[in-house]
Each structure stands twice: as C-alpha cells, then as structure tokens.
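Have a look at this one before I ask anything.
Every chain is named by a letter (A, B, C and D) in the order it is written, and numbering of its residues begins at 1.
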Amino acid sequence: MDLWARLWQSRPVPAAQFRVIVERNTALTGGYFQLDLEAPVSTPIAETRAGQFVMLRGEWGRDLLNGRAFSVLDVRDDRHFSVLAKVFGRGTALLSEAEAGTPLTCTGPLGTGFPEPEGDELSLLVAGGVGLPPLHLYARRAAEAGAAKDVVLFYGGRSEADIVLTEAIESAGVELVVATEDGSRGHKGFVTVPLLERLRAAKAEGRALRMLSCGPTPMLQAVRKLALELGVPAHLCLEEQMGCGFGVCLGCAVPVYGELPYKYCCTDGPVFDAREVRWS
Amino acid sequence: MDLWARLWQSRPVPAAQFRVIVERNTALTGGYFQLDLEAPVSTPIAETRAGQFVMLRGEWGRDLLNGRAFSVLDVRDDRHFSVLAKVFGRGTALLSEAEAGTPLTCTGPLGTGFPEPEGDELSLLVAGGVGLPPLHLYARRAAEAGAAKDVVLFYGGRSEADIVLTEAIESAGVELVVATEDGSRGHKGFVTVPLLERLRAAKAEGRALRMLSCGPTPMLQAVRKLALELGVPAHLCLEEQMGCGFGVCLGCAVPVYGELPYKYCCTDGPVFDAREVRWS
Amino acid sequence: MSRLACDFGPLSLQSPILTASGCFAYAQQFEQFLDLKRLGGLSTKGISPLPRRGNPVPRIYETASGMLNSIGLENVGVEAFLSEKLPFLASLGVSIWVNFFGTDFETYVQCARELSEGSAGRIDVLEMNISCPNIKKGGIEFGTVPEVAHKLTRAVTEATDIPVVVKLTPNVADIVGMAQAVAEAGAAGVSLINTITGMAIDVRKRRPRIATTYGGLSGPAIKPVALRMVHQVHRALPELPICGMGGIISGEDALEFIMAGATCVQLGTINFSEPSASVRVTEELDALLDELGFENVAAARGCLESLDPEPPHQEESPWR
Amino acid sequence: MSRLACDFGPLSLQSPILTASGCFAYAQQFEQFLDLKRLGGLSTKGISPLPRRGNPVPRIYETASGMLNSIGLENVGVEAFLSEKLPFLASLGVSIWVNFFGTDFETYVQCARELSEGSAGRIDVLEMNISCPNIKKGGIEFGTVPEVAHKLTRAVTEATDIPVVVKLTPNVADIVGMAQAVAEAGAAGVSLINTITGMAIDVRKRRPRIATTYGGLSGPAIKPVALRMVHQVHRALPELPICGMGGIISGEDALEFIMAGATCVQLGTINFSEPSASVRVTEELDALLDELGFENVAAARGCLESLDPEPPHQEESPWR
C-alpha cells in the first residue's frame, strides 16, 4: 500500500501566511456553509493532512483581531481548498456573508493530523456538526488510496438538515452510517448507538479497530468512554479557543495526563489520543 | 416671490434616525463619490434646507462608533436624497465601498441651513472640495424658485478632476465660475481671485450682496477676509469633528465672539456669520 | 415590564437601563428620538455651581472601538439647571440623577447643597463625579486618594438629604479601596466607571488629537476594564449598590454588568450614534432575562459562578 | 535602513521595532513567517527560575478591538531557556530582551542572577516584569507600590551587569511615580505598558470567559492609554529611555509612540493574527519617517508640539 503510506507520511511542512480569495460561498442546509478558497500563488496547502487546520481572517479592521480556526475540508491542489463552517459568533457571521472575490488571510496548514493506520485496521470515523471536515478529508484520502473499505463514517446530527456533504463520501465508496436525534435521517438517536453495535461486531470478528472523531464535546466524551471501556484506540480532534494557531500565545491549552499538565491544541493537536485528555 | 419664501421659511423639523439603503454609489473624478440613498418609509428629509446635514453610519460593528457628517447634496422627495463625499479616513473609505443595497443608518436633517436672502440680494456661493453639496442644493433650490439669476457659484479645486457635478447647476441656469490651481479648468489660481473681481464689480453697481461659502478652512478664511475688508455679509458652513450631530456630546465646539466663547457646529451651525467666528 | 423593575438601594427603578452623564445632555434633544418615559432613569451632564465654558477644540477623537473626549465639563451651572432644565426632567417620571462636581472641597459641598435646596423633591440621586480627568484643579486627587474621597463624601452627604452616588475613576490601582472609602462615608452607592485617561497623536501635524493633550476613553474598548471593576467592588462589598457603565451597547452587555454585580447600568457613548439605543437595550435585556429564565433583574445580579475545576493532573493517565 | 537605527540608552538597535513578551514565544515559530534578522530586537516569554505550568482554560477571549489573556506566565524556566532557547536567539544578531519575573523578592533576584551568569554576553536586556496581573502571589504589589518597585529594582540591578528595563503595569493611578522609582533604583529604561486587567462574562453559562476570572487586556483597544502613559513618563523624565507598547499594529501607530517619547516600541497581540507584522510595521515606519522628513528615529522622538492657542474670547466681535 504505497500510496496510502505516502499520503500519511507526508510530514508537516512549515506553515505560511498567504492571501486567498473566496471562490465560492455555498449555503448548505442547517446554516452550514462551504467556502471554496483560491490562493493566487502556490502555497503549502497541498500537503495538508486530515485533521490539520487553517486560521482564516477577513479584512475586519481592528475589532476582530485574531483569525478563526477551520479544519480543512478538502484540498484540490496547492492553490485551492475548502472549509465547512456554521455561524457561531461575529467571525463566522462575517465569513458566512463573504461573497465570491472577498479576500481573506489564511495561515496554514497547522497542527498535527490524524495518525496513519497500522496494518489493516478498520478506521471508524465519528463526526458531528462542524466536526465533519477532518473526517471528510480522511475518508476521501483513504478512498483515493484504494482503502475505502477500511473506513466507515458515522455521522450524527440533530436532524436531516445537519447532515451535509454526504454525496462525495458515498460516491467515493466509503460506508456512511447516519443518525439523527429526531430520526429524520438514518438511525434515530445518537450516532454512538450504531457505532457501539459496529464496534461489538468488529471486535467479535477479531478485526483490529480504531476510532477517529471530531465534533461537539459531548460526542467526543462519549467516544472516549467507548474507547476506554472497549479498549479500542481512539483519536479525538479537539476544538479549543485559539489566539494564534501556531504555538506562541499558549491560549489553546488542553489539560492532559502526562509529564506536563497541558498540551497545546494548535501544535500538539488538534488530534489527541483519547486516553491522554484530562476531562472530568 | 412666494415659492422662494416658502422654501426658505421651512423651519427645522425634528430630526429622526432612520435606515436607508444605498441606491447607487457613483464614482466621480478626483476620488469623489456620490451616494444616492433611499429610505423605505417617509422621513423628514424632504424638509432639508441647504446647509443642513445628516449623520451616516454603516453596519461597522464596534470599531467605528460614531456617524460621519455629510451635507445634503440633493433631495428628491421624503425618501430619496444624495450626498457627495471623498475618502478621508476609515469611515469615508467604508462608505466609498458601499454597494447598491448596503444598509446605512441616517440621522437628520440636522443643523441650521443658510439664511434666506433679503430683498433682491445677489448671493455669491463659494465652494471648494467636499464643500460643494450645501451650495449645490442652494443653487438648485434658488433655480427651482425662479431665482437662478440671483445666484453665482464660484467653485475652486486643485485641478479639473476636483470639479464635479457642474452639469446640474449649469442646466438649472445658474452662473458657474470655475477656478483650478493648475489652470486645467476655468481660471488659473484660487477661486477667490475671480470672486474678488465680481465683488468689486457688483459693489460698483450698488447691488446688495452676500457670500455663502463651504470648503477647506483656508478658503473659508480667505472668504472671511474679503467679507470683513469689503463689508460684505458672509455665512460660512464649517466642518468640525462631530460626535453626535444633534447637540449632546459638546464635541463640535466652534470658538466664537459673543456672550459665550463657543457655539456648536451641529446645532448653532454648521452655518455661521463670518464675523462671529473666532479664528486666528 | 415588571421583569425589569429593580431597587437601587432605597430607590425603585422601573428598569435598570439608565443613560450616562455627558452623553444625554439634559435629555430634551432625545425627545425626538425615543420615548424618554421608558428609561429607568438618566444622569445629567455634570453640573457645577457656576456655568463653565468648555475646553478648546478639538475635543473628541475616535480610537479603536472607543472615543476620547475632553469636553471640559462645560455646563449651565446650578441656577440655570434648576430653572431651565430640571422642570422638563421632572416631568418624565423616571429616576433623575444629577451629576455634579466642584473644583475644590467647598464648591463640591456648595453644589450639592444648592441642588438639594432647589430640587423640591425632583432629584432622585446626586451622582458625584470625583473622577473627571479633564480638570486640572482638584478633580483627579479627589478620585484617587481614598482618604480624600472619604472626607469629601462625608461632607457632601451631610449637606444633602438626597442619596449621593459617587462616580469613581478607573485610573487607580485599587478600585475596591476607593469604593470602600466612599461607602463608609455615607454614599448610597457607586457609579463605575468614568472614562480612562488616554491620548492620540496626529503624526502628520505632530500634535495631540485633543487640544488638552489627554482625554477620557469611553466606548466598547473599555468594557472589560469596567466589568472587572464592578466585579471587584461587588465581591468585596456585596451590599453596596453599583451602577455599572463603560462600553455597554447591547442587552447582553448590560446583563454582563448585572451578573458581575451591578444593580443598574448606564449607557454613554452609544447614545451619540444611536440616540434611541437605551430603548433597544432595554428590550434586548428584557428578552434575554426571559430567555435565560430569570424572573427579574435582582435574580441575575451577581449570579456569576466560577468555572468547574479541572480534574487533578497525574503523570500517568488513569486510562492507560 | 540606517534611518531606523537608534539607541536605547547604551544599546544600539538597528530598528525601533521589537516584538513583545508573551507574543513571540522564543521566536522559533516565527522563522517560517518572516526574516527574524530584520527585527530591532525581541522580548522573550517571561522566564522564572523554575518552569511553570500555566493557568486552567479558557485562557483567552476576544473583546472589542482587544483580547483578554490569562496564560499564567507558563514558561520553560531559566535552565531550559539558557540551554534550549538562548542559542537560537543569540544566532539572530538582533537585540535580545529576556523578560523575567519571580514570585517573590528572592526569586526575582535569583532569576536575574542565573540569567546573567548563564548568558555569556548573549542577553542584551533583562526586561523585568513587575506587572503581570495573573499571579496571585507577589506580582501585583511589586508593580503598584513605588517603594517596593524601587527596592526590587535596586536589588536586581545590583545582581547583574546586564541593563535592566522594568516593565510597568498600567493598573496604577500614577505611572510617573512608578517610572521615577525604578529609574532612581538603576533601571536602564522602562517598558510601557503591560496589559490592563479586565473581564468578560458568558451570560448564557453565567461564567467568566477566562478561567481565572480576570485577564489582561491587550490590543488596539488599549493604545490610547498606553500612549498617554508613555507621554506622561517622557514629559516627567525626558532622559529615561522608554520602550512603548500597547495596541501597535501599523507604522503610524509606532510613530505615535515615538512622538510621545518612546525610543523603541514592541508589537504584541498583532503577531498572533499576522506573524510577519513586525516586518510590515518596520517598512511602514521607514516610509512614514521619510515622507514626513525625519532623518532618523531620534529626530521624531518626543517631537510633539501643542496645538495653537485660540485667539482670546471677547464678547464683542472685533469685526462688527
């Protein structure tokens, strides 16, 4: 599996700050929107690993000072990539209104990505809300590497409208399991229910397993609980308020077990081993 | 002259704050731009007197706090009016980029207007730069009232590009005297040179005269000097940094001679008798 | 709107949203923009015994999310205030806070006495400004030395029956010490905060942007500082009524101050660009209290909890 | 770029644009974004004798034109700094300012001594932080009581041959008194200003936005306050070198500080969103000095003029 290995072994390149323009801003259901971005010149973005992120900032004057972190959803080449977002506060509100041609400043790619699989492990990807992008990229990359069958994407939302961008994943041949709290699409309830079933089944088969997850904290906590209970390795992609994104403000501390009490979401993460995260 | 009297006797109506949208943003020469604004409902703007102004502010978040003052250039009806501006700082820069449909908040009409003429006085209007709007409105109103011949507009700029929007005035039958410092249009030099000639000629004829001026401070100072030397009444429309525009912040003080040392540009002015202004 | 009714010490307010001194003049000009009867109250431009001319121009300048001003405490003086301004204010039926100051110890007391004598029950609060940074004589020392503020407050409260709320300057190292000093001297409450002294320069003209070189910084830029001081004072003196202000422009901002410990708040700079802001903020606060399940303003006051502590750190993960 | 060369007391700087402590880490991460050799110098994250873990999260929050932080002075400690960080810094050939602090009198002196002994000439300035508002023990008193700051500065300057620049907190009523106290105790200059203590609240969670409740406010919001303090100190102590900071994001901002009396400036918060800002600001300042006809930075320093006085007021216009 040469291609696979090559994809995952691409090592983090030095990040750069560069200008991009919004090529397209597509409103999706549930208040989500996808920004397709274009850089005028070659950038290190082609080297992005699933789980890495960029810091984006518009020409917002002096009020909103810092960039906002977004996981990379998709990379077309060294000049074109996409992010998926939803309005939380002022920054995402401004981004949601960005029209084609709007210039943004981008820093990235930043952070670590998900670790590469070992052997013929089955990777169970667990996504919720704006946690989709890193797993979306992971699934697409796996499919490109001919490993679509080694990946299953579990994707949860409150209702149908929260489930976006599934076509690309399905057409890439990746198995998709959807659950919505109101049952309007897929299983009714939390996505961790079908996930547990699959975990049990795969364990019964004796298949080597791991989980990769990104989404709201309660979902990550549930995944972590499953991982610890069933002894399945899991990596969580965390979101922590970020100032810089490249390890200098020390704002994005993540409480961990280990030699030091904190690691940093932007440089040590955003992907962490579920066992090391120090959550109540 | 009933119409004339009616026009000038319209007394200041209570100002209101209302929303407008940019109907059209027209870039002119010299970095000037004209904003045509439209209110969704009836506003007091129809009652605007020449020399009155509005405070405009966009949805600029928390950084640029206060509105920016703009003399009214033209009023079509109770929902439509225009301003003329040029980029100075951040506020005017943001306005210059406003596209059709951009919502703004408008407070007005504010301040006093130019006083009405007495008898058959000849009004010499002296404009420079962004000082054109109040005199533009004055000239148009005079023409509408059938008094075009009682008005002459002296209009100065650095070069041809600084002379904008003259068609409407000329087509209204108002005499226009242009001067540019580089001689690229009209008289070469300051507009106060042809103004002085006309003042002398009119005085020789024994015609009752007055001057109304708005423009850069050096021009206003020159007009004031002529007024004092020749004993011609003059009213100056001043620009002072404004916080509120309606007399409450006390930021826009204008040093004057009189009982109190200051008057307020936004409520006592922006039009002041040249003799009362306390300038070095 | 009984959800908004609240008590500031002995005073009943129909709403905790007031407007701030110097930003609402004597209220008349605002009549054209809003229904003044909907305010919780208002604080007048600062009054001194004699009329005062203001400072030279320029007097104002905008900075990042804020503005500098050095108006110079220009005002009509006690006499004209009582005869020309107060009747209109009294007709509104809302809480009238008369902001005042002197240039020295005696004129402070004199001003409070004259206002009391002429008020005929129409003044609800005397808001004593000991904090204006623009007056060279007096002002700044009153506001930064607790003993001096104590003595002044005592003298003023003894000269009047009207509750005295002392408005403190943020330009101090220890705001709690100041609040304590004036509370012990008989202040009915404190107003927090006045402007922070600042400066801006026009590099092309090589001159300060404000004629008096320094001005007072107000607006959203100072909100974090104001909120911190309200919280510090409330934590140290939970019984002391606090009127919070500094950069409030939304109902959410107002609720932040109330949760930090303010009983009521004042809106300042926002009135310039949005003269009817106080009504909008009142409505926003009402809706927000409802949404968050607070029965009334008092229930939200000082209700701040601290964050859950992290689990203890261990070198070995308990999960390995 | 000799126009930018300037002297900070005994120190020669190739440019007055430095980067600020806590906003540039130990510089390595910035290598990917800019040519570090173009800086006038840089100040490191504050160092203490022993490594320190930081505060609980959340540690940062954005406010209007500013940000709050409460990192908790997390740092690698003197030993690791000297062995792991300093060699890289020394290789840059720019002025290295090592920001440091202790938790009490003894550890301040100890830290300065250990840094000196291990520096081998590679540290240009010891920038003593007596102003961090986040440390419960020690910090804040050092920064607000002139006598204490004086004693501390004296002890530290006696323990080292490296010039000591004292970084003052703005959370005081009298910044001049503080500057004077440390200047008389042997400080080679002062850095003005550290962050202003502030707070923000999440009204939905009823919790502070920062785990430690209070944080330090930085960014453009505080620029007017910083500029005022630089001007006050320069006017009172014209010989004292001042390193100005607080909200600088452009060459024009930097020139404002220089005109107010700063010899050099530091950029802080802007580095987070624009890691190469220091190079842009350097270029902007160079162009602006040129445009305004200044031969060099020193010519612009403190060159502020006051505004022309108004003509005297008269009741009768002389022109009537």
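Note that a contact is a pair of C-beta atoms (placed from the backbone, for glycine too) under 8 Å apart; a residue touches a chain by one contact, two chains touch by 3 or more.
The structure presented is a predicted model; accordingly, all values stated were derived computationally and were not measured.
**Student:** Please find the path from chain C to chain D through touching chains that uses the fewest steps, and give that number.
**Tutor:** Between chain C and chain D, the shortest chain-hopping route counts 1.
**Student:** Farthest chain from chain A, going by mean C-alpha coordinates, please.
**Tutor:** B
**Student:** Could you work out how far the Cα centre of chain B sits from that of chain C, in whole Å?
**Tutor:** 38
**Student:** Would you kindly tell me how far, in whole Å, the mean C-alpha position of chain D lies from that of chain B?
**Tutor:** Each chain's C-alpha centroid was found; their separation is 46 Å.
**Student:** Round to the nearest whole Å and give the separation of the Cα centres of chain A and chain B.
**Tutor:** Comparing mean C-alpha positions, chain B is 57 Å from chain A.
**Student:** Going through chain B residue by residue, note those that touch at least 2 other chains and give them in order.
**Tutor:** Each of 62-64, 255, 261 in chain B touches at least two other chains.
**Student:** Spell out, as numbers or ranges, the residues of chain C touching 2 or more other chains.
**Tutor:** 53, 56-57, 64-66, 219-220, 310, 313
**Student:** Chain touch graph shape: choose line, ring, star, complete or other and state it.
**Tutor:** Contact pattern: complete, every chain touching every other.
**Student:** Where on chain B does chain C make contact in their complex?
**Tutor:** Listed in rising order, the residues are 14-17, 55, 57, 62-67, 105, 107, 240-241, 243-255, 260-262.
**Student:** Mind pulling up the chain C residues that touch chain B in the complex?
**Tutor:** Residues of chain C touching chain B: 22-25, 29-30, 32-33, 45, 53-54, 56-62, 64-67, 69, 71, 74, 219-220, 249, 269-276.
**Student:** Would you pull the chain B residues touching chain A in the complex into a rising list?
**Tutor:** Per the touch definition, chain B meets chain A at residues 60-64, 90.
**Student:** Write out the stretch or stretches of chain D touching chain C in their complex.
**Tutor:** 53, 56-57, 63-66, 68, 144, 171-174, 196-201, 203-204, 206-208, 211, 213-215, 217, 219-225, 227-228, 231, 247, 252, 255-256, 259-260, 288, 292, 303-307, 309-310, 313
**Student:** Along chain A, where are the residues that touch chain C in the complex?
**Tutor:** 62-63, 228, 255, 257-259, 261, 274-276, 278-280
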